[in-house]
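My questions all concern the structure below.
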Amino acid sequence: MCLAVPGKVLDIEERDGTRMANVDFGGVVKEVCLEYLPDLEVGEYAIVHVGFALQRLDEESAKQTLELFETLGMLQEEFGDPWEMAAEAGGELPPAREEARK
Amino acid sequence: MKYIDEFQDPDLARRLLDEIHATVTRPWALMEVCGGQTHTIIRHGIDQLLPDQVELIHGPGCPVCVTPLEVIDKALEIASRPEVVFCSFGDMLRVPGTGRDLFQVRAEGGDVRVVYSPLDALRIAQQNPDRQVVFFGIGFETTAPPNAMTVYQARKLGIPNFSLLVSHVRVPPAIEAIMRSPNCRVQGFLAAGHVCSVMGVEEYPELAERHRVPIVVTGFEPLDILEGVRRTVAQLERGEHMVDNAYARAVRPEGNPAAKAMLEDVFEVTDRSWRGIGVIPDSGWRLAPKYRDYDAEYRFSVEDIRTREPAACRSGEVLQGLIKPHECEAFGTLCTPRTPLGATMVSSEGACAAYYLYRRLDTTPAPREATSVV
Amino acid sequence: MSETTDLRTPPLDPTAWTCPAPLRDQPRVVMGHGGGGALSAELVQHVFAPAFGGDVLAQLGDAAALSLGGLRLAFSTDSFVVRPLFFPGGSIGDLAVNGTVNDLAMSGARASYLSCGFILEEGVEMETVARVADALGAAARAAGVEVATGDTKVVEAGHGDGIFINTAGIGLIPEGVDLRPQRVVPGDVVIVSGAIGVHGVAIMSVREGLEFGVEIESDCAALGGLVDAMLAVTPDLHVLRDPTRGGLAAALNEIATASGTGVVVREREIPVPPAIANACAVLGLDPMYVANEGKLVAFVPREHADAVLDAMRAHPLGGDATVIGEAVAGHPGMVVARTGLGGTRVVDLPIGEQLPRIC
């Protein structure tokens, strides 16, 4: 349900009594309604769905989540790694991080 | 894109998978509620990477799939009228009603337009004061506030030629209904992150407690899904059943107060029929009485359209994980992605459509390159 | 809705759950019949091919390969109904030339002559027609092809969409060249000539109701020169396709179906520029299904793959050419992608036109 993507607010203006912003999604700029996040500011990230900013993206929380992931799975290395074995059986090694997304 | 790419990182995915593999000791059946999550799972092949003990049941969280036949038929009727410009999200155009879909209505001369945002429909109404502009307001709690904004503004700005055909659904009553089902196999839920971005998590502790089932608010990127699975499995292995938020970067406990206030103003809770499932009490929203003038059902007098859903397929059982899609008699014969009988075959992420594709793959000779991972 | 307000959440009886209706017998043409996916294929298969008959049509390639007066000719036609008429990086005039030139190039032929039919809507500004004609002429000169014959019709206002163009083209197929999906064998290497999804996203960015800002121009280009460079390495390429409507997914599915082999692609090898990936993420589209107008996909015998790739990269239109996968003996007729995480997914033929989705 609900395809929503994080974008960065570029500028804000009032239009027909409605708070609107241009939001940057990694080089794609779309007009977004800010009525539901009235205190969102330029430079902040928000989760956008069908042209509406619905929730502020908490950058600190995102960072913490990724840091948590970095600490996971360390214990398994001595037992062998089922995921890697599966990937190798498929004829491929897990891709390096920088190759993840072209 | 920032905050998407990082959450697709294969190296971190591997760490999460390692952790899940190390944690799980016996079979668990989890339901991801949201169609967007199902999309991510299929798109990245995540289900194949999880331990065999972890089964993901694709839930009924696709608004396209669950919009009842009756509402589709109302949409088709309204969209066929010569004075109407019928605006919809792209998803809905291919969904079959009785005998035809919105594409067919367009082919017959109806003015059916795809919009990206509900506000685009409002703009079309302003630009075409001599036409009746109707927006097809479908979706869960995430899409309801944007759709609510259209009638709020239409009333405020005095745009008399705009109306909304409402078929909004709510997640918690659906979870309740699924858990009450006598043969329910679901042991843990990945709750829909963007629904909670709007609504918060206040509705869930009671559900988790009553049904003794862990509910983990989960995001939509591959790492988010894996983290949701990891936290749910960890709870199940410990015998816990709590509400947990694995999508904290986009979900606050209280949700979005401004959006919730708008929902309160514009809509009222109502019973709603889910396609393939039936009526679930209190599971939907309709326009509140003061917005009745903007309700397309009243404006075009289609309240009386009643459509019985023919008992052709068994998608309700599939949605709940009671049967596998291929156990339905119509599967792959009467019902294919090209000729969908049921909602779960309509959307490419629907359980039946996904199963259809993978069964074709599994029943053909396996080349080493492709299927050894499956 | 129902009036059972006194019944608070009764247990569901799954055996009583029923599900939607019949359908999918199309009494009228819908947009998807022109989308290059399953609906298009069925229209041709069930209506046109049986009505026309003929062995040449049965090839169902982008261009027909003909024998005429001892010569091997490629012959193709294409119609252009793009909206808007002018878009970042090109216009309907560029497409009308390059689309047909590329259809011929995919059979190995260098286009020699084009026909050009205009269907104009009453009321269209003459200046617009002139701009389109100029663009078309310039594109023809750039592609080294001559517009040899033409036709103009005008339809009443409201019966057309400004300007429709049909072009047909002919060219000679060089000695020893035989490009057909039926020649694909397991082990063939799959190469794309560059970034995918560019044209489709450029068009969508200016389409009414979808407008978004993005610094992307259509990749619209004539591929005859690139194909010449590839054939100079070896005439023994197996099949070429330009992945236009339906994108890379449709092209690979057509080849898999017609060749009876399976196709495996590695998703992280498929070149998708970040702005294309992000536009698709916002709109809920898959770049593999988005149209291209200046790219080709080639199935090349393994022993020639390196040399062909080098030749492509040396050409201005193939600088980003890369290997994305191979033909396999397994899962005949199916395209399977290995995902970035190491899973697999089936890449199916799109059913109709791609639409932005919300879920």
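For clarity, chains are labelled A, B and C in written order, and residue numbers in each chain start from 1.
Here, a contact is a pair of C-beta atoms (placed from the backbone, for glycine too) under 8 Å apart; a residue touches a chain by one contact, two chains touch by 3 or more.
As the structure is a computational prediction, the values presented were derived from the model and not from experiment.
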| item | value |
| --- | --- |
| Farthest-lying chain, centroid of Cα atoms versus that of chain B | C |
| Between the pairs B-C and A-B, the one where more C-beta pairs touch | B-C |
| Length of the line joining the C-alpha centres of chain B and chain C, rounded to whole Å | 31 |
| Distance between chain centroids, defined by C-alpha means - chain A, chain B (Å) | 20 |
| Shared interface positions of chain B, touching two or more other chains | 1, 4, 8, 10, 34-36, 49, 62-63, 89, 116, 120, 139, 143, 368-369, 373 |
| For chain C, residues contacting two or more additional chains | 274, 277-278, 281, 338, 340, 342, 344, 357-359 |
| Per-residue multi-chain contacts in chain A, two or more chains | 1-3, 5, 25-26, 30, 49-50, 83, 86-87, 90, 94-95, 100-101 |
| Chain C - residues contacting chain B, complex | 1-5, 7-24, 26-32, 38, 209-210, 262, 264, 274, 277-278, 281, 283, 286, 326, 328-332, 334, 336, 338-346, 348, 351-352, 355-359 |
| Touching residues on chain B, where the partner in the complex is chain C | 1, 4, 8, 10, 13, 34-36, 39, 42-49, 62-64, 69, 89-91, 93-94, 96-101, 103-104, 106-108, 113-116, 120, 139, 143, 173, 176-178, 180-183, 222, 270-273, 275-282, 284, 286, 309-317, 319-320, 322, 337-344, 346-348, 357-358, 360-361, 364-371, 373-374 |
| Footprint of chain A on chain B - complex, ascending | 1-12, 14-19, 21-22, 34-36, 49, 51, 61-63, 89, 116-120, 139-140, 142-143, 145-146, 149, 153, 156-157, 192, 194-195, 197-198, 220, 223, 227, 230, 248-252, 255-256, 258-259, 262, 368-369, 372-373 |
| Complex contacts: residues of chain A adjacent to chain B | 1-6, 8, 16-18, 25-26, 30, 33, 35-38, 45, 47, 49-52, 54-55, 57-59, 61-62, 64-66, 69-70, 72-76, 79, 81-84, 86-87, 89-91, 94-97, 100-101 |
| Chain C-touching residues of chain A, taken from the complex the two chains share | 1-3, 5, 22, 25-30, 49-50, 83, 86-87, 90, 92, 94-95, 99-102 |
